[in-house]
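Consider the two complexes below, in which chain A is the common component and chain B and chain C are the respective partners.
And then the complex of A and B:
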């Protein structure tokens, strides 16, 4: 009898120990998430895209946690508003690493913000995925930087490649080019790319004066361009500037055979609905659209989730521009963590270099410099936009893919003023 | 070789844009020039005015110009309240230089965050049809989105100038700007007069905001782009002279456009601020300062 009680006591003790162990493991799982830290523009000129990217990243975190997290641990996003100001980035990452003790870092949105975060990633030997950066690693050659922009190993030149690939199809060949760019790193990248493309094609640059980034009225500048009567006008502008340049082009009545190219921000519903029919005829780069050939496993599911949440979150309601890339960015980081069973920068970096990743924006493979091994950029033309209604900018009816040839959903309307009739 | 068309359009565009900036700077001329209050948040109040006009347009379908009539009294009252706080916390204690500046900086950032929380970071704009219409006189194009703010700003400046020069309170405000002690000895309350003048400056910022909405889409942080220009215009115009403010603003607008044509737009800020420095070196009180 006494023996029976003792056995029962032992069994009970074991059960309690197992239960306590399980509870401890559960609480450890809940209390010990894998923290991913980053800055993201939630105010200032980059905030439109920054907010869209943040919503996409939150959706990724929800999806990932629903699948059991990473390495059996939940994921937690830790982020701060960088106010679109690169000067705010170093203190934010210092706080993320020293105070918040994040396990992994990611970049904020766009070239100047990534440029400010990259030295910190290098100091800490951590992987940094750069969201929509142009040539951030060109001079640093950091082996753990990976660019989430499909611009390839020579991004400065590739930024204008889709524009020139389509321009090459024009008959007769265009011979003169004007360039409108701000006096900042991004503008100079576009300028450098245009000069290289012009030289390769024997074209003459007839206007290439830059403008100060604070400029808001472009009517005089557009008239200066008009006076040079160029065949092509490459516009490389940032959000805000793109809207004001597009308005000035419409008001002045600038005409050329192709106008646009690298007008950042015109991919957002916000800018598109401000301009309405004034956007017709402009060509612009695109990284992803829901064209049949660009619908990969998960892309439309993600878009449905994003669009369901976007209105309540007060962000870009359509989300074709940065959102899928922000989601894919974390998909790659997560695949590397699962693939290496590690959070160490060296192992993650080597894994990302060595593998191809299946994401919602397609297969991604990186080259030695951390840029996409094979560039994949498109040129779209806004066509037949009749109103400022956001529905005009869903699908590819009015956002017509005009290049490269194998991805076309329609033909380029040229010259520019024909598309505005 | 610069064509006549290009030159004429550049001058006209410079006048239109400069005229609008004069409207933006009118309030700063009063607060900074007459009251010695470095209201660095003045451009932020302009942006608040733009959002006020935007809300009235969304809710009641009001044109920004009509909305300005409702924005002005609300901003006047807000100006009274802000000055009350500023006076009690800083001016009365003699802490009105650096701490006052910090107060207005704080006000600017808090206001910006409030706008972000309320409206998000997207650009807001007017759907008024004239905002995308131009009229052409010979070779010169006049976009209504520039012409209307120009005329509106002219009305703002003329009204403020008439008030200051023709009304009893207006003259008393000018008197406070010259010698507050003398005004006190005459039995008037200089603090009350300064409060009224400051409230007028904020009301003018609100009206200029409604005009800004016509000129271009706005987002919460857009006011930062105007800070340097607004204070440069107030200083160049002669710190307290509204006609001087208009002329200085138009001169800077034309200089910037001509610089853009002859040397490139990147040189425009350097040339206009160089012009400001040169003017101050020759005439430290500004173009129309006494």
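And then the complex of A and C:
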């Protein structure tokens, strides 16, 4: 009898606990939501990555709400399409702050969009996490800006560092370099980084003419590079250009000991499946891949959720490039809110500066300028891609990490002609 | 002359009423969205002076706008200059470039002139990209002061200046229409050879049109760095400015000052509303369909559809 009473008591206790939990969850969700506002490219040239980032952020919001929200309140994302145009950013953020009354803001995707949002964050004294911005805070030194790109305080040098770290292992040492870059800020950064690296290693730059950003046919340019017969070819290009340059390299049959380095956009499944086997041999920077040493708590769960939803959402189906970073970006913001129990910019900014954050892309710590305290970029080589099937680009079988040495998942195939076969 | 001042008085009253209504709403978003619409009113009217009245299609709107913007940036780096002075300087520089471009390219007609103006934008963008003094390819920040006396926020001050410029450009457009200058423009647009043969000084008139059009675009561009707060070449030379500045007069109608104003108000407002409502790639589809619809249903623009052109002719 006693035992029966005890069981009943326990069951009753459990029921009360469940009821209390349910009530707490209900009251949290019934509370005013914490609104996080941002612009995100859903159209225009940045839309591919913008859509992928938005899906990741929505997954974060679902996960966070399933855990009870933030500070006991549900989270709500408020976002508008900036059309990849910085001119749309000021009105969007003003609407977010003045009309939608968001509690926190986040950035849209990439450098020019972040640059337009940063002064607005400064005027409102709010924290701004910048998604894949290059040196956005270098001139402003805003103490509440934090960059979600692992390029460190000197992005110009970091853009080409993994390429040269691997090139240093080549025997005999390479002695000549050609650089293919557009006449824009990103291209100038790559050029600056390459010149510094060449000078440090005593290499000779044999080609460094920039091309207009609107250029689409690169066969003549690639032939000019071929005529200089360089050991290394550094390519620092933007998404559309990267595909066209890769095609021109395949068409002309350019050969060197290493080709690539900073070809933005080749990390997306769209670009990879457009090029198919033409991508073989190119080396390129990477921020994250599901390599064994880069699988952190939550990484693969996130990827599984993302990939399950990506096809229906019509976004990058694999999502190795920007998506994990967009998720991690909000993880850090949420950790700061929970850590300070506050939504105030001053408190959040100080907390983010003072702490290291565990995220799905690893531990993140910021330096004084808001960039990553320690850069973390990799070099991959596309190897043995046989078709344009998206499955070829999952895992690290064909996206082989060739540097830095402690992260390698395979060896560099060199010269380029050998990897091309 | 009294009709001109009567019109100017009415335009000023309308502008004051609009500004008061925007302030009454009580948030800065209305000013940010309104600024863009007013900027397009100026650009569309300025484009129409050369494209609508004279019939020379200018694809280089972004080049003149960027010239104004970068003149402001350059001046700001030399000395702390007030925004109205930047606008005047931007207007002078863009007007002079317009004059020079006109002198060099007005022998070209039709599509060849249009391509030359497009080339101007490419050349200027390359120059600016490699001119580090104004930020070069890295761009330049232009942080707005938090408060401005009388107006409160800086965006309200910028809207006031853009509204003033819009009144000026509309008044000038209307004055051109009702003057001998306007008749000369129309003669060139209808048949340039015939106009030349009957004694119309075509080159001089075309130069006046390119200079005026360029100057107004440059003035509209000077506040751009403070609106964006970060100016870099791809933003300043964005093709959207050219596309919108051409589409707006075409939607409204190119033969009267009212056409570009109406087109800019409608399309500009629609774009702002769609950006924060539909907010996906569908907005591009809607704007595209709108343009196709107007081209098919109203080839002479809204003023043609409403019969305003005819009324004016018969008046």
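Here, the second predicted complex is superposed on the first by the 390 of 421 C-alpha atoms of A that agree within 3 Å, B and C clash if a C-alpha of one lies under 4 Å from a C-alpha of the other, contacts with A are read in each partner's own complex, and residues count from 1 in each chain.
Definition applied: contacts are C-beta pairs under 8 Å (C-beta built on N, C-alpha and C of every residue); 3 or more make two chains touch, one makes a residue touch a chain.
Only a predicted model underlies this, so the values are computations on that prediction, with no experimental measurement involved.
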First, second, both or neither for A:240, with chain B first and chain C second: first
Chain B versus chain C as contact partner of A:116, first or second or both or neither: second
First, second, both or neither for A:47, with chain B first and chain C second: both
Touched partner set for A:216, first chain B, second chain C, both or neither: first
Which of chain B and chain C A:250 touches, first, second, both or neither: first
Touching partner for A:314 - first (chain B), second (chain C), both, neither: first
Contacts of A:183 with chain B and chain C, given as first, second, both or neither: both
Partner chain(s) touched by A:418 [first = chain B, second = chain C, both, neither]: neither
First, second, both or neither for A:173, with chain B first and chain C second: neither
Chain C-contacting residues of chain A that also contact chain B: 42-43, 47, 83, 183, 212, 214
Sites on chain A touched by chain C in the complex: 42-43, 47, 79-81, 83, 85-92, 94-95, 98-99, 112, 115-116, 118-120, 122-123, 139-140, 183-185, 187-188, 212-214
Sites on chain C touched by chain A in the complex: 27-29, 32-33, 36, 122, 126, 129-130, 136-139, 141, 143-144, 146, 155, 227-230, 232-235, 238, 240, 272, 275-276, 279-281, 283-284
Of all residues in chain A, those that touch chain B in their complex: 42-45, 47-48, 50-51, 83-84, 183, 209-212, 214-217, 219-221, 223-224, 227, 240, 243-244, 247, 250-253, 270-271, 274, 276, 278, 314-316, 388
Parts of chain B lying in touch with chain A, wherever the complex brings them together: 2-3, 5-6, 9-10, 13-14, 17, 112-113, 116, 120-123, 125, 127, 132, 134, 141, 143, 145-146, 216-217, 219-221, 225, 257, 260-261, 264-266, 268-269
